[in-house]
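Before I ask anything, let me first share the structure, which is written out below as structure tokens.
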């Protein structure tokens, strides 16, 4: 399993503002995610072009399946970073309610 | 089930070029698909922004699940148009080998 | 892709009874499906035993994932037999409404 | 989200034997899981009967989709019990390597 470096922290809230939970990824992890998302964005744009040009549906459907798989990989990377940082940290500091949040999200991704 | 208007035809091949199979969607169907893909492209761009801004991972993962679901809908629309046009036409003209192609694609989408 | 031999026919309806659509699989295909289902039934029974014996959840979850994958394979075999027989035959005899039925089923399997 | 009561403990290992990790579910949770698995076992047996009787494939495929969905629900219940007990306990006692195990399992269930 690929090692990911992400960290979890609370930001703000000192000056009276609402504190916001943040997830910080290492530069390497960020670049990896952004690269993958750029490629996915290009693939989605490509599918629009295929439809404009009346490309045979089966080819377009294969392209859709390939985007789904690329998006799944981004989801897995993010889930991994999330579990290794925020989930571990919050459970260790006693915030076990984070498990509810995680279950809801994993169930959405499992559909 | 939403009615879709798509048609299947062979293009070219007369002047010695390779004939190409084409799928033509009605203007309404095309606009529907392009709209959905524009929205998906915007969502993917949005996720890049969320990662740049260190947004809490759980929120990003929910956004990913929402893109997956939007992409699934595009896949279903395309599959519906494809079956109602090319699959029906090719089976009716005796090209039952189109079933192999369809099975391969459906299995990819079912994963 | 594995070749499957299945056939589609209408049964009864002559003596005033409601005609019933039937799918007949070759003996080989039937034996293949029954074998797989017997194995799946055994796996489900096995999971009950694991739960009774307080087996570590992660092991049980892996067993569930393995049953899901075995069940998926049965679904793919049946879908293949169905498309090669009933779907082709009904489309060729002009019953294109079978496409609605197929789309509904494929969408359930794609979830 | 349904509350589940499961607990995680190490069994044996005192007398020189290999210690075994166990997951204990409350009687209510156990009965719930066993009930669901009994129903699934009956459904799998039912599908064998459908195939023997040459039932129309589309009906059999819908039955398969229904078993998949029932099995998914068992997976979700078990995952919930697992996260609320073993995952929380092991992370709190510093065994963060349990996250690797969880990720591997969730990825299998997400496929």
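Annotations for the structure displayed:
Order of writing sets the chain letters: A, B, C and D. Residues in each chain are counted from 1.
Criterion: a residue touches a chain if its C-beta (ideal position, glycine included) is under 8 Å from a C-beta of that chain, and two chains touch if they have at least 3 such contacts.
Because the structure is predicted, anything quoted here is derived from the model rather than measured.
Counting steps between touching chains, the shortest path from chain B to chain D takes 2. With chains reduced to the mean position of their C-alpha atoms, the one farthest from chain C is A. Of all residue numbers used at the contact between chain B and chain C, over half are used by both chains, marking a mostly same-residue interface.
Equivalent interface to A-D within the set A-B, C-D or B-C: B-C (over half of contact pairs identical by residue number). If each chain is reduced to the centroid of its CA atoms, chain C and chain D end up 23 Å from each other.
Here the CA centre of chain A is 34 Å from the CA centre of chain C. Taken residue by residue, chain A touches two or more other chains at 72, 75, 79, 102, 109, 111, whereas all remaining positions touch fewer.
Viewed as a contact network, the protein chains form a single closed ring in which every chain touches exactly two others.
Within the complex formed with chain B, the residues of chain C that make contact are 1, 72, 75-76, 79-80, 83-84, 87-88, 91-92, 96, 99-100, 102-104, 106-107, 109-110. Looking at the complex, you find that chain D touches chain C at residues 6, 8, 11, 20-25, 30, 33-34, 37-38, 40-41, 44-45, 47-48, 51-52, 54-58, 60-62, 64-65, 67-69, 71-72, 74-75, 78-79, 81-82, 85-86, 101-102, 105, 108-109, 111.
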